[in-house]
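Here's the structure, in C-alpha cells; my notes come after.
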Amino acid sequence: MAIPPSNDWRFRLHEIIYESNTRAGKAFDVGLLIAIFTSILIVMLDSVASIHQHYGKLLHTLEWGYTALFTIEYILRLVSIKRPILYVVSLLGIIDLIALIPSYLSIFFIGAQSLLVFRALRLLRVFRIFKLGHFLTEINFLKEALKGSVRKISVFLLTVLTLTVILGSIMYLVEKRENGFSNIPESVYWAIVTITTVGYGDISPVTPMGKFVASVVMLIGYAIIAVPTGIITHDIAMAARQRKDLPEACPSCGREGHEADALFCKYCGSSLFR
Amino acid sequence: MAIPPSNDWRFRLHEIIYESNTRAGKAFDVGLLIAIFTSILIVMLDSVASIHQHYGKLLHTLEWGYTALFTIEYILRLVSIKRPILYVVSLLGIIDLIALIPSYLSIFFIGAQSLLVFRALRLLRVFRIFKLGHFLTEINFLKEALKGSVRKISVFLLTVLTLTVILGSIMYLVEKRENGFSNIPESVYWAIVTITTVGYGDISPVTPMGKFVASVVMLIGYAIIAVPTGIITHDIAMAARQRKDLPEACPSCGREGHEADALFCKYCGSSLFR
Amino acid sequence: MAIPPSNDWRFRLHEIIYESNTRAGKAFDVGLLIAIFTSILIVMLDSVASIHQHYGKLLHTLEWGYTALFTIEYILRLVSIKRPILYVVSLLGIIDLIALIPSYLSIFFIGAQSLLVFRALRLLRVFRIFKLGHFLTEINFLKEALKGSVRKISVFLLTVLTLTVILGSIMYLVEKRENGFSNIPESVYWAIVTITTVGYGDISPVTPMGKFVASVVMLIGYAIIAVPTGIITHDIAMAARQRKDLPEACPSCGREGHEADALFCKYCGSSLFR
Amino acid sequence: MAIPPSNDWRFRLHEIIYESNTRAGKAFDVGLLIAIFTSILIVMLDSVASIHQHYGKLLHTLEWGYTALFTIEYILRLVSIKRPILYVVSLLGIIDLIALIPSYLSIFFIGAQSLLVFRALRLLRVFRIFKLGHFLTEINFLKEALKGSVRKISVFLLTVLTLTVILGSIMYLVEKRENGFSNIPESVYWAIVTITTVGYGDISPVTPMGKFVASVVMLIGYAIIAVPTGIITHDIAMAARQRKDLPEACPSCGREGHEADALFCKYCGSSLFR
C-alpha cells in the first residue's frame, strides 16, 4: 500500500473514494455498501449463541478480513485528500475509526470485541446510496422540510419531557414502591412508555387511583401526538410550495407562483422566458 | 369440462369471468367473493382445535368441495383467454394456483394441508368488489396519491431500519444477555417493537441505563411517526388538487393542469376565458 | 301519571322534553344528563366487589329510583308526541328502552341485573349537551368533514382487515401452536393487535422467523397509520374551504374563492355586493 | 434579608426577578432554571433506594440548602412587587409555595418529605427559557394554532370517553371477572388503554368473543387517531396563513388580510400594486 507518487494519482483516488460521478466512483460506493452490510451481518450472526458455537471460527476469520479491508480503506481515505485531518475529525471519519478500533483492541483486552457492534454506525453511509439512485430530490426535499420543523419539534419534545417528569413524580406518590414504581426515575420512564403509547406493561398501575392518573396520561398522549404531525405536515406543504415557487417570477409583471411547467405568466399572459 | 368449441363461446366466458360490466359478470364476481370468504372461514374454523374435533370431517368434505370448485374456476380462466400463460404467470394467477395445490399435496404428504392457510391470499380479490360498487373513484384517488408517496416512504423506512439496527446494537451492549437482549437480531427486533410504539413487553429494558436508551428510542419513534403522515397528507392534497384541475383545459391549445386562479394559459399564453 | 287532557299541554311537554330552546327545555336537558351520569356511576360502583359488599343495598335502592325516574321519562316521551311509534323505533328510543328493561327483568330472572351495563348506552345523549353550549359549529364542521372520509376510511379498513387475515394466516404457519398462535382466528387477532400498534404482548412471536414476520407487520402498521390521517386531514381542509367559499362569487367576473370578509372582487376589483 | 428601603431598589429587583430584558434578569433566569433542575434531580436521586442508602445524608443537606434558596427567592418575589397577593394567588405563585412547604412540614410530620416530588411542578418555569432564546415565535405560533383546536379536541375527547365507557361496559359483560375485567371502572380503564393504542397487556381479553370486541375497539382507535391530527394540522395551516397574510396591507385603505394572489384590495377595490 504505497503512498501515491503524484498529485494526479491522488486526484484520481479522491474521485473514486469521495465522489460518485465516475463509473469507478459508483462501483466503489456500491462495493463499500455491500462490504458494510455483510460485515454488520457477520457481527449480528456472531452474537447469536448457537451460531457462534458452530461457525465462531469462520466468522472470526471473516471479521479480521473485513477489519483489514476497512483499515486499507481508512488509509486510502487519508492519503487521497490534501488535509487528512479534516476527514479524521469529521463525523464519518470518527465513525470509520470507531468501527476499526475494537478488532485491534481485542488483541490486548479480552471482551473488547463486543464493541464491534459499533460497526453498525457505518450503516449511516447507506444514505450515500441515494446519490446513486434518483432519490436525491426526495432526500433533499425531506431535509428541507424537516429543517423548518426542528425548532418546533424540540419545543414540543421539551413540553412532553416536562410533562413526563411531573406526571411520573405524581404517579410515584399515587402508586407505591411495591407496585413497580420503585423510584421517580422509574416512574418517569413509565410516563414516557405511556405517553408515547408504547406501553410495554413491565410497569403498570395497580391501584384504582393510579389507573385513573394513567388514563389521563394516555389521553394526553393520544391527543398531543397530533401536534408534531401537524407541524411536520405543514412544513412539508410549505417546502413543496417554496420548491415550486423558486424557479419563476414573471419578467413582465413580476408575479410569482407559477407552476414548474408553466411557459407563460398566468396573470399577464407574457412569456416567462425571454 | 369440454373445451369451448367456438371463439364466440370463449368470448362470452371471458366477459363473465374477467369483466364485470355485464349482469352475468357481476353475478360471477359476487359468487366468487362469497366462495372465497366461506372457504377461508372453513380453513380458519378448522384450525381451532375444539371445532376440528367435533366438525373436522364436515369441514374436510367442504374443503374438498371448494377445492373442486376453485379447480374448475382455474381451468375456466385458462380456457377463456387466448394466451393462458399470461394468466398463469400473473400475480393473481399464481395466488389462485397456490390456493389449490395444498389440497392435492395433502393426498401424498401428511401435513401439507396446513398450507391451506395460503388460501387467505385469495382475499386480495376482495378489491374487485370495488368494481361493483361506487368506490372506484376513491380507490383510484388513493392509488394516485400513494404512488407519489412510495419513494419518500421508502426513504423514510430505510432511515428507520438503519436507526433500529444502530439503536438495537447499542442496546445489546447496554443491557446484557440475561435481560432478554440475547443477541443483536433480537435487540433489533426490540428496537422495531419500540420505535413503532407497538411495545409487546416480551423484551423490555431492566437496567437504568437501558431504560434511558429505551426512552430515547421511544421519543424518537413518537416524533418521527409524524414524517410518513406528513408525506402522505401532502401527497393526498396534491392528488386532490390535480384531479380538480383536470377539467380546466385551455380553449386555444387544449392543454390541462392550470391552477385554480390562472387567468391565462401557462403554455400558450392565450386567455383561458373567452 | 294522567294522559295530558289538551293538545296545548302536550305541545308544552314536547317543547320541554324534545327541544332545548326554552329555559324549561334546557333545564330538562341538564337534569336528564345529570341523572344519566349518576345512574351510570351507580352501576359502575356497584360492579366493584368491595363497594357492592358495603353499599350494595343503598345502590340497589338508588338503581330502582333511577329506573322509576327513567320509566316516567319514557312514558312522558311517548305521550308528548303525536306518533309515539316514531320514538319507539328510533335509535335513542331503543336505547332508552334497553336501559329500562334489565331492572324489570331482574324481578323474574336472577342475574338479569348485570345487563344494566347497557344503561351506559344512554351516554350517547351526552352529545345533546352541545346544543346547550356553543359547540354546535364545531360538531357540524367535524360531521361534514368526516362524512366525506367515511368511504375512503372504509376502503382503508377493508385493506387493513384483508392484510391482517393474510398476515395472521402466515404467522400461524410460521409460529406453532405451542407459542400462543393456537389457531388462525387467534393469529388474526394478534395481527390486529400488532398492526394497530396496540401490542398487548399476550401473544408475541417466539421463533426468529416469527419475529422477522412480526417486524414486517409492525413496519407496515407504522407506515399505513398515515393513510387515514392523510385522508381525514385533507377532508377537514376541504370542508373548511367549502364553508368559507360558499357565500361568494363575484357578480361582475363570476370568479370565486373570495374570503369571507371580502367586499370587492380580488380579480376585477368590482364590488361583491350590488 | 432586609426589606428594600426605596421604591427604586424594589424596581431594580423586580426587573431582575420578573423580567428578562436586562443582563442581570437573564442571569437570574438561567441561574434559577439550573437551581430548579438540580433540586429536582436531587429529589429524583433520593427516591432511588440504593442511592438513598449511601448518599442520603448528603442529599438531605442539599435539599435543605435548596429549600433555603427557594425560600429567599419566594420572599424576594413578594417584596419586589407592589401587590404581593397577585403573585401568591397566581398559578406559578401557588406552585412555588407547594415546592417549599413539604420540607418545612417534614420537621413536624414524618413522611411529609415524600411530597417533595411536587417540586417537579416548578419545571413549568422551563418555558421561561424560550424568552431567552429565539423560540418565542415558535411558541406563540403553536399557542395560536392550538387555541383554535381546543374546542374541537375537547369534542373529540368527550366522544372518545363516551365510547370507552360504552365499550368497557360491554366488555365487562363479555369477559368475566376471572379474566381481569373485575369491574366496570377496570373495564373502562382497559378500553382507554386499548383505544389509545398503549396496550399494556395487564388486562387483555381471553375469550374468543372478547377478542373480537377488542379487535373492534383497536380498529376504532386506529381509525379515529386521525381525527385530532387532522384538526390540529388544519389549524396550524390556518394560523400560518394568517401570519403570512399580515404584511400585505392595501396602500389605499391600509387594511390587511389579502390572499397571496389578490390583485385588488378586497375592502376598497383599489389596486394593491401601484
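Observations
We call the chains A, B, C and D, going by the order they appear; numbering starts again at 1 in every chain.
Methods note: contacts are C-beta pairs under 8 Å (C-beta built on N, C-alpha and C of every residue); 3 or more make two chains touch, one makes a residue touch a chain.
If you're wondering where the values come from, they're calculated on a predicted model, not measured in any experiment.
Rotation angle for the C-alpha superposition of chain C on chain D: 90 degrees, rounded in steps of 5. In this assembly, the chain whose C-alpha centre lies farthest from chain A is C. Separating the centre of chain B from that of chain C, both taken as means of CA atoms, is a distance of 29 Å.
The distance from the centre of chain B to the centre of chain D, each centre being the mean of the chain's C-alpha atoms, comes to 41 Å. Multi-chain contact residues of chain B (touching two or more other chains) are listed as 156, 185, 197-201, 225, 229, 231, 233, 237, 261, 263. If you check the complex, the residues on chain D that touch chain A are 40, 43-44, 47-49, 114-115, 117-118, 120-121, 123-124, 126-127, 130, 135, 138-139, 141-142, 145-146, 153, 156-157, 160-161, 185-186, 189, 192-193, 195-202, 225, 228-229, 231-233, 235-237, 240, 260-261, 263.
Taken in their complex, chain D has these residues touching chain C: 151-152, 155-156, 158-159, 162, 165-166, 168-170, 172-173, 182-185, 188, 194, 197-201, 204, 208, 211-212, 214-215, 218-219, 221-223, 225-227, 229-231, 233-234, 237-238, 257-259, 261-271. Within the complex formed with chain A, the chain C residues making contact are 197-201, 229, 233.
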